[in-house]
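One chain, subunit A, appears in both complexes that follow, with subunit B as partner in the first and subunit C in the second.
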Partner chain A sequence: MGKVLYIDYERCIGCKACVIGCEECSGHDHLSRMFVDELNPGETVATSPTPCMHCVTPACAESCPVQAISIAADGTVLSASLEKCIGCKNCTYACPFGIPKVDDQKKVMYKCDMCYDRTSKGRPPMCASVCPTDTIRFVDEDAMKNEPPKPVQFKWDFGGTIIETRTVIGLPDTETNQFGYREGEGV
Partner chain B sequence: MGHAQNKEYSQRDYDPIERDGEELISTHCCFCGMQCGMNIRVKKEDKSVVGVEPRYDFPMNGGRLCPKGVAAYRQAEHQERILHPLIRKNGKLEKATWDEAMDLIVSKIQEIQGEHGKDAFGIYSGSSMTNEKCYLMGKFARIGLGTKNIDYNGRYCMSSASVGFNQSLGIDRGGTNPWSDIKFADVLLLAGSNTAECHPLSMPYIWGARDRGAKLIVVDPRQTKTALVADVHLDLRPGTDVALANGLLHVMIKEDLVDQDFIDNHTTGFEELKELVQSYNPKYVSEITGVAVEKIITAARIFGQAKNGFTMFARGVEQHATGTDAVSSYTNLCLVTGKIGRKGSGVATFTGQGNGQGGREHGQKTDQLPGFRKITDPKAREYVAGVWGVDESEIPGPGLSAFEMLQALGTEIKGLLLVCSNPIVSSPSVRDVGEYLKSLDFFVCMDMFLSESAELADVVLPSTVWVEDDGTTTNVEGRVLRLRGIDRTPGESKRDWKVICEIAERLGRGQYFQFNSPEEIFNELRVASKGGIADYSGISYEKLDKMQGVFWPCPSEESEGTPRLFEDLKFNFPDGKARILSFEYKGPNEKTSKEYPVILTTGRVVFHYLSGNQTRRIDSLRAFCPDPYVEIHPKLAEKYQVSNGETVKVTSPRGSIELVAKITKITREDMVFVPYHWGKTLAINHLTNPALEPKSKIPEFKVCAVKLEKVKQTVGEKHG
Partner chain C sequence: MNYYPYEDDSFLFSKKSARNVFIVLVVLFFSIYFGSEAFGYFDTALYGYLWATILCFVLLTIRITSWTLRPPTRRLWKQGIKMMFSPKGFMFVVKTLYTNIVEQRFIRKRTLYRWAQHMLISWGVLLSFAITFALVLNWLHFELVEPKVYEAVVFGIPLFRMVADSAVALAIYHGLNWTGILTIIGCGMALYRRLTDQKKIVEQSQEYDFFPLFLLIAISITGSLLTVSAIWMEGAFYLGIALAHQVTVIVFLLYFPFSKFWHLPLRFLAVMVPMYHEMNEKKQCARCGRDYATAMQISDVQTTLANRHLSTPIDHTNLHFSDMCADCRRVAHRLGGYGAKIELGQAHLIVEPNGKNGLQLKKGEQR
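Up next, the complex of A and B:
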């Protein structure tokens, strides 16, 4: 197995360098595919980035009526093929993480392809390249899943359906530090 | 190579991607003092700037960039760039030729100086320029124009740190250590620095230390992202830093957490400090600062017990009427515990401007000559006069500091050259600054965008963006870096150093300004700095390329520079001892009152840089933070019955603005926070207090007293 994205929530500063950086990958047509969310607005400044989770069995690809979403040999779930995509948004509704976006004018879906243009040349994706705090890292999938440096999650329970993702999330250490994930932690 | 010590943390083993038909210009960001390395993608065909590519091998940031860094290149092809000179005709700025503009500038300089004396023409410059340009501005003022009145916007930024370090350590290099040392600390005390937003690329180093088990203490009135991940957050009332530092020192001394050997052998002044901080017990300090007693004790113990550690601070500590006292008081934390002069231990200030360090070293400060020399020092004057080939008497003495200079416009100063700065957004009490600028007989401005200040000028000269010029900057660590430019000057824009040399030529002073390239200017700067505190004499462009930057002082060809200061524990005073200076807490210049009951503090957001003249024009950055806002704690908001998103009028004795309320628990109940990157009706600096620190002359941006009023909006207004 190859390299995947690892996201360490507690390090995110909400700067959105990943969001703008995403536009800089040659294959991305200056359209960002990255999300950064405020986790607890008004309470704390905690934020987290979300790229495509790159499901092992991707619902987006399975739901696509024209098979526009393919999976690369290394397991990367690619963005829709421009020639095939009809902009029907099936993938948007099917994705449990809400990742695919649709350009309504061009009638085409676009999503994180882990910067296939870069990873296929052995370079990290733009988000992991620019992230100023090492929140987003480009790491070996096996090592991160089997011997993680801290508790991680890559299996998600959606109402009984377990979805395994290639993107790995590092869980915040809320035992020793709250990191702003609970109510009422303001000054 | 010389500085592979950063490798473990920042450098990454990847080459940048080179695309067909493009070339990569390896340079540094134009924004903050981190000076992150980056590659700019340029189309070979027409030299157009098309993107950014990470520079994975640069030691400081290893290709990482904040959003400003990623978007920086988007200025280059920006449609709002000024591409030809502008002259005010019938009240309007109109397109003109370079000859017309230069003729007018030169005749006005001669007219004003002839009538009112040499000092009646002033220069207000900036620290986002290369060392070469900063050096040239200082030289041009002194022996091109012959005026004593030159100062720069770093006065608002780095001047308190500079005075504080000089009085405590005898030398002002923002960081005593390379940033790679941070990860070897056992404790980090960050004061008045929202590191995560203002210097994001410091965060990997802080996380590096945390991964090794280091404790993090953050001193900030707001629970910023930096404070959120701290072990102890000292949420002090703005403007009470000196009391807090004294309180921490009180606990450390009382509990014998000081390094008596270090104090005895390498410092002076400890007994006075011990005496002074005796009354600063945690209860008293808690009353002043609003920080809980237990937190003060815990922080002092963590800091005192740690073997290695850093004290690092920024504008939150420095932009006060007692800013230099606070800098020295925080520096005391390291001096009494012997945390300095080795890996993992030191003191640093986070430099705000791109060349905030180099810009304050080579003579554009009104009291200073190149190499950090004092302009009042006869030996320094003689040496620099020799380098410049003039008589010592031709170099004027010290003139007015930045804000004092603005106050003197129209009276003492009749003509002004403004370069690389936007004082009508960045100064305190900006309504007055507008009046000062309008009272000038002649005002010429050089910029690449028509800033709020440039809009008031009589002549505007189009300069190039940073990636169109060569030069050097000196970053937060004291590391001198090489910036590479593209060989192009869009439209009729010109590089500002060339324009300055041309004005000198037309003024009949051309013999002192015969430069054909930034490297030639740098080579003269090296000689001018030789033997000074900031000695660059051993630094060449070639060495900078080879070593990916060189730390000053670098006093000889053989020297590889000085990454870490004070390794021999000799401080820059004749007796080699650091000065432990003790200061009583005086508090901010403007106290809250019945009429103005709330504290206002100002600061930055991650998406914008300084006055916003560049970042507000970049769509992607503006989209994330289009307008200023006022952060209000829910309890304070309740008092004024303000809900999230409603409009609030904030008023100080100097002015008022209307802002959208952002209700959040991250701020204290007795204060509000507003970011300062906007101009005109959106400028929070209408309200800020121009009280100057007596030694550094920095204005007190960080505290003033305000009142809040909810603005009632009618439905008609909303839809109108």
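Up next, the complex of A and C:
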């Protein structure tokens, strides 16, 4: 298995470097596909970045009426193909993670493709490259899923529907409240 | 990966394809019969093209049948056709046909260069289709009614007359040359962009993106060479060029339903979309209350996902993740990760993590 994105969102400081980095990726046409959301605006400063989760069976692709969303050989779920996308927005509603965006004028859906131009050549995606706090990392999929350094999410159960994602989310430590690096782990 | 077939009846696709192909073949036969005035004006020089065209229509019908069997496609077509029959819907469709297909405004919003190249290729190809199909299927022919006057006849109905060496006649005889020139210029521009922007268009491939351009150029050049041979070379190499042209066109016709050109039928579904978005009641996000979609589309998407065994409900509620806007879906996941309770203000519910990375109604809350 290859490398995947790992989001340890308790480390996020909301600087939005990932959003800008994403915009600068050469295949992204200056449209950022990264989100940084404020979790409790007005109450806390907690923020979290969200890239595409790269589902194994993507709801976006299954809900697309024109089969515009394809999956690359390495499992990366690509943005809708420009000539096929009809801008219907089904994908934006079907995605349980709220990822795809549609440009109404250009009639095209765009989403994180893990910087396919970079990752297909073994380089990390822009967001992981520019993140100053290591919130977003590009890590070995097997190691992160089988021996995670902390509780992680990559299998989701929505009322019996199991959705497995390639992107891994690191959960905040709400038991011991030890934020940041754990001793000896480096994650 | 979970795999579920689209329909329970595994023969449904075969049955529907057979029925649709039969209908198309009957319609084609009668259109040729009436067009050629009971085979009186049948153009045997285009015999090879005729069979390739019929086969192209059959393959296209099978592909369209398979495409429209997909739950999201079927749903959108049905809703679109239903809405199209209201006066407001009809106006929407006429307007979108103009902006999407005639003017291709959405491509102009991408970049002006791509719009220019696409207008040249698409109109070159569409007009070539119109001329080729009309001649190959014998819908149109010319009759010599006076020593120097031709009459254009469509489906047996005389349309107009023209003097054989007039400017109009010259423009019509060379119709395919003009459309060929448009196509060559457009394909040249597309090739230039694909080569110079290689770093940006990382997903492009030789088979999917370059081959169709070469094919269109080959068709246009061999076709134009026929005119060159006839007018300036006293017919030299005419037979060889004609054969080469026929081979390239037949390859194109058989390749059409399974290639990049397949996006042409797809664009007709795009005509339904603005109407589908505008003519329905808006829906509010269950958490923040903002208008984010139409109620019809959310219900359609939920039905589609249920068909594909991909429903994403919030446990013990009537809600699905798609009842929240994209922003609230992302925030809800993260707050759930913290183990926090999430207030769905608009739906007057409080939800919490279900212990399996999804969400459920907060224990003790009423649905």
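Methods note: the second predicted complex is superposed on the first by the 177 of 187 C-alpha atoms of A that agree within 3 Å, B and C clash if a C-alpha of one lies under 4 Å from a C-alpha of the other, contacts with A are read in each partner's own complex, and residues count from 1 in each chain.
Definition applied: a contact is a pair of C-beta atoms (placed from the backbone, for glycine too) under 8 Å apart; a residue touches a chain by one contact, two chains touch by 3 or more.
Keep in mind that what you see is a predicted model, and the values were worked out from it rather than measured.
Enquirer: Check the contacts made with subunit A and report whether subunit B or subunit C touches more of its residues.
Expert: C
Enquirer: A:Ala94 contacts which: subunit B (first), subunit C (second), both, neither?
Expert: A:Ala94 sits against subunit C, while subunit B stays out of touch.
Enquirer: Is A:Cys131 touching the first partner subunit B, the second partner subunit C, both, or neither of them?
Expert: A:Cys131 sits against subunit B, while subunit C stays out of touch.
Enquirer: Could you look at A:Ser26 and tell me whether it touches subunit B, subunit C, both or neither (first, second, both, neither)?
Expert: both
Enquirer: Residues of subunit A that sit at the subunit B interface in one complex and at the subunit C interface in the other, please.
Expert: Common interface on subunit A, subunit B vs subunit C: 26, 46.
Enquirer: Where on subunit A is subunit C touching in the complex?
Expert: That would be residues 9, 26-27, 29, 35, 37-40, 46, 48, 50, 56-57, 59, 62-67, 72, 78, 81-84, 86-90, 92-101, 105-108, 116-117, 120, 153, 155-159, 161, 163, 169, 171-172, 174 of subunit A.
Enquirer: Along subunit C, where are the residues that touch subunit A in the complex?
Expert: Touch list, subunit C to subunit A: 1-2, 67, 70, 72-73, 75-76, 106, 109-110, 199-203, 260, 263, 266-267, 269-270, 273, 276-277, 293, 297-298, 300-301, 304-305, 308-315, 321-322, 324-331, 333-335, 337-339, 354, 356-358.
Enquirer: Considering only the defined contacts, which subunit B positions touch subunit A in the complex?
Expert: That would be residues 12, 14-17, 19, 51-54, 56, 61, 63-67, 69-71, 196-197, 200-201, 203-204, 207, 221-225, 228-229, 231, 233, 235, 606-607, 620-621, 624, 633-634, 644, 663-668 of subunit B.
Enquirer: Name, in rising order, each residue of subunit A that touches subunit B in their complex.
Expert: Subunit A residues touching subunit B: 10-11, 13-17, 19-21, 23-24, 26, 41-47, 118, 121-124, 126, 129-134, 177, 179-180, 184-187.
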